[in-house]
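Each chain gets a letter, A, B, C, D, E and F, in the order it is written, and its residues are counted from 1.
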């Protein structure tokens, strides 16, 4: 069985990542990639790693009929075109924030007004570690926000194990790479200005708090820094639990939640150079790394998690969810395990 | 008046920085730089920016008599040689942690046993924003820890203004460059492994908590990450004050504390690319940048601060303190204002 | 059919790369990875991307009997152990320079004395673009030097097409990443010193000239610079041909040589951001990119080529050659097409 | 005596560098900095290292009358406004290519048509190592191109000493940082695309060949690569002299030419980590480093040179030339000796 | 689908039927930007380069 | 092969038969460095950490 797939927004960063994953996927065939700016140009002219792909961009105005349509467009685009997308494909996977929240009220609180709110409660959040049971057969799948994904993956086992219940004070300090901003970079994203920064780009009030609250029932104090990498999101969660916890308790909780997960790695101390989650260790992969440490003096837990924002944080998560939704092998097309050594991917 | 200066540990990173500053200082003349490994070699063979300096390393066994001796040696070395140092110079400025804490008890709590504890209460902490009044005439000056300095500079105005009193919950999430580790790097610090990391290298229990507690009376939840830069320390302090604070209150507090400080910049919002403190904006300089934002939804303040760990965080702070201690112009030798654009210094 | 494989020197950089490739290869199973330093430790403790691999290092003293043995040890080690290696495996693939040259004289000219010179003329150079016909059934395969590979791939089509005959003056100016130095890095390879360099590390007399001379019959003026990347080798060949050549001639030559090669990409002008070979576009892959431009004013051709030194320049080339030698699908295990965007891999 | 200075194009990269240098210069006072985009904004809002400077941008339409006007505008702007500039100031220093060549013919060969060609033969090239004697009293000074400067500084001693006469074959392979492109970066200069490149951005036909030809009477084969740094230009000159030369001859030649030059460093072998010219060793400074090696096997000399493109390659050179032109201390305002360690400035 | 030869590298390009004169397409082999000079039969020529687009 | 429990994370480790007292091995699940305290039956305890090895 080969499924046909289209990528709307194929010239963007996550769109390119989708094309890479789908082209290497045993069950998919890329039928279409859209771009307005690069209409008719080869996909390889934008994504040099896809020069072998014999495909040219086409206009998003003329969508082919496919089995699965992936939309990798800026916020607001998918909600406008959702009916067309659903006409073109039985399964739509959207990478934007348009269908991540479950109600119009939530959406309005954090964003600007939804033009297709009726889809909000039907859509399924893509992250299989969270929604594996709801995905099979889903029509509309919403891939999560990268920073939200990193945070949720880090904290979820603490909720599963009853170590947290949502009343705790939690500070989430995130460090992200420049690909998070997408392909249309402004002056602040030029190489000369963006190199070497530790730039507090969302000091407070980041919209990904909404997703975290929706899934964990937890209000977090969220701050995001841009650092000098292209791929990667690293979240450090400082948690103040109501009763003391040991490192052993934590290992128990995380092993319980993630031991059987195909894409989760636990890295929490030990020897060698890589003792805690590290974005460069998962760059290009769909893996998420989580780790933790206890700080009894401050009655604190520290949870680290690291993902590739373009993979586990968006395109990889989207393909993973599509695999589950369509009954394919869960890891199909997502086997790449990453590189070592590697610089600043 | 020209004062003679010696640098013990002149082949190291902060020792090289001291040599650079002293060589360019209008009131100092470098009489000696020690190194055991590079004994008799030119200073320029180790520090390529000092090729113009006509000086060779000599052994730390044979100290010249000088006006000021700077020690830039690993922890434990100065305490062993402090009597020799004081014989050699009227003023000793030490960059290690050996004389930063005021009592043996404190030292034992965080470190391993002091062999010259009688000096602890006599020494003066170098940071002039904190100790300007105690410095004039001091015999033994202890430059602060770089991460502690960044944190203390960020939080001090909140104490000065009564916004904090020490009972608050505070998370300090620090990001630092590789020069913090000094010149004798191991495998984890090789270019291949260290490039591009967001490595939680001190997840909990960092010793700089001791200095922060000593000066602010505040216990902080401290976590340090290594990121891909050579120079720089950036501290993000997440503070939960007991009563609500406005951005205006914060501006009032910070201006009150720092408006007349020659080396403090306030950067808190505004336009352009550089809206919050940024280590690369202060690289090579003795400036500290501080900024802040309020997060009413989470009853939180976020304070950012950025320094160059080798300057404001050690060698620059040491020279600044020596200037104050000796009655020189406070900014002498420290006028460099930094570069723009600059990559990842 | 599954073939068993061992990697001697599995804790090193190219050894880790071999393990990654073999673990993901449809026809191989990793039976053994040796390390003296990390004996009994998990492979994942050294190579964080291989945490899923359920394998511990063992001693090179106790080699299993396998189908293929890959040696990824420093120069001189394989020649000493070659008999043991050949006892352990029918096919030996060596990544060092020990068996690259065909005669003892050549070896002595560039290196230090060979202890198993009788193997020199039997070994086959791994690069399939050069030696595809000699590889099937080979017992001893010598993977090429990374800088030599980049150069040979760039120039070979000019020889194939008769544009060059070996009498031309050729300057080869190479730029390489830090992984070329292997895992045992010294002071010059620390992050603080190695970051951001354009360091002429082999100004003249690089040993890879020997391989180039052997295969192309060409003496080149070779200079190698270390630049700030971990993976990658980029060779710029400045060629002064005896008679004028047009860009069309060059396209003809390169298409003739490489159009059917599974791992060669031609990138020579065109639009977009990636107009010439770029190491980061091939990082993690077995692809080689070549491009060219004519400079009539100076009667010069400029040929660019880019590879990942750890892949096409060593481990990938080794696996590619093993595939050919053993009659497997040539691209098996080597399909990864690279990432976009990507920072400084 | 304090001289007043204006910088036209003060919001750009080299304009910012000029402002930094002039603000720290003992003899200059910055009277005006122009920008159309940032008119009325503080200089510090664009250049974070200049927050202490109490100055706002003003329009280039309203030029103050000053002693010296520096123009740091794109090619073509100065030639259009040269009369206005000369009305505003007795001494005009231009950083663009508009007045670097001496005749209209040369200009037309490499550029597009000059609208003020009558100034071409009156202008003096800024590089004092080349034109020190012509600078005193000059009205119009043209700062050199950064890549040309690196090349000329590298090769000039060989001409001075008669080792070269201009008939030699010379390949110049240059590596440059992103600040060379100026502040208005396009897609190819975004952090995600520009990071980690070894991009052949000028494979052939770079316009700086014109300056090199004009001053050395030498036609060079020039190729420029963009590498991952912000500041820096490194030129490797591969020279094939007509008769054999020893390393001793080279030391003689370079010492003769540069021993008394205040801004030239010779770095050619020796020990330590920094054995040849290195852009990061001169970042932020007005120093140029030159080094060399002989390659008897290929009858070749290799000459390395490294500068900061924004300093010795433009703004620093401009201030240096102004110092000489106006009879000031040659090194005034240019004493900064650089940083060690430093990452990727 | 019609075919045409790349003016840069000589490779054969498959062209869409609704190609228009003046359109710019890139060659899949060499990446050259080609201008459609004529459509029936299709003729392609190198498009003018936009060097300045490209950094530095 | 014998088995033992990791003192850090509780995972089960497969151990080589020729294990020696004092040897340090790492846990495949959590990476902890474990010292072999006893061999028959095997007992593992956390090995002393070498913080200073680890950069900064």
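Methods note: a residue touches a chain if its C-beta (ideal position, glycine included) is under 8 Å from a C-beta of that chain, and two chains touch if they have at least 3 such contacts.
Note that this is a predicted model, so its numbers are computed, not measured.
A.B. asks: Please give the intersection of the contact partners of subunit B with those of subunit F.
C.D. replies: Touching subunit B and subunit F alike, sorted by label: A, C.
A.B. asks: Would you kindly say which chain has the C-alpha centre located farthest from the C-alpha centre of subunit B?
C.D. replies: Greatest centre separation from subunit B goes to chain E.
A.B. asks: Tell me whether subunit A and subunit C, two copies of the same sequence, contact each other through the same residue numbers or different ones, using over half shared as the line for same.
C.D. replies: Answer same: the two copies use largely identical residue numbers here.
A.B. asks: Select, from A-E and C-E, the pair of chains that is joined by more C-beta pairs in contact.
C.D. replies: So, comparing the two chain pairs, more contacts are at C-E.
A.B. asks: Using C-alpha centroids, which chain lies at the maximum separation from subunit A?
C.D. replies: D
A.B. asks: Can you work out the whole-Å distance between the CA centroids of subunit C and subunit D?
C.D. replies: 38
A.B. asks: State, to the nearest whole Å, the distance from the C-alpha centre of subunit D to the C-alpha centre of subunit E.
C.D. replies: Their C-alpha centroids are separated by 39 Å.
A.B. asks: State, to the nearest whole Å, the distance from the C-alpha centre of subunit A to the C-alpha centre of subunit D.
C.D. replies: One centre to the other, that is 45 Å.
A.B. asks: Specify, in ascending order, the residues of subunit E that touch 2 or more different other chains.
C.D. replies: 26, 31, 54
A.B. asks: Which subunit D residues touch at least two other chains?
C.D. replies: Residues 13, 178-179, 181, 183, 185, 187-189, 192, 194-196, 199, 228-230, 273, 278, 341-345 of subunit D touch two or more partner chains.
A.B. asks: Give the list of subunit D residues in touch with subunit B in this complex.
C.D. replies: 13, 16, 20, 23-24, 41, 45-52, 177-179, 183, 228-231, 265, 267, 270-274, 278, 281, 283-285, 335-345
A.B. asks: Mind listing the subunit B positions that touch subunit A in their complex?
C.D. replies: On the subunit B side, the touching residues are 169, 171, 173, 175, 187-188, 192-193, 195-200, 203-205, 219-221, 223, 225, 227-229, 232, 234, 236, 238, 240, 273, 275-280, 291, 293-295, 297-298, 300, 302, 304, 306, 341-345.
A.B. asks: Touching subunit C in the complex: which residues of subunit F?
C.D. replies: So the residues of subunit F touching subunit C come out as 16, 23, 25-26, 28, 31.
A.B. asks: Mind listing the subunit D positions that touch subunit A in their complex?
C.D. replies: Per the touch definition, subunit D meets subunit A at residues 13, 178-179, 181, 183, 185, 187, 189-192, 194-196, 230, 343-344.
A.B. asks: Within their complex, state which residues of subunit C touch subunit E.
C.D. replies: Against subunit E, the touching part of subunit C is residues 247-248, 251-252, 255, 266-273, 275.
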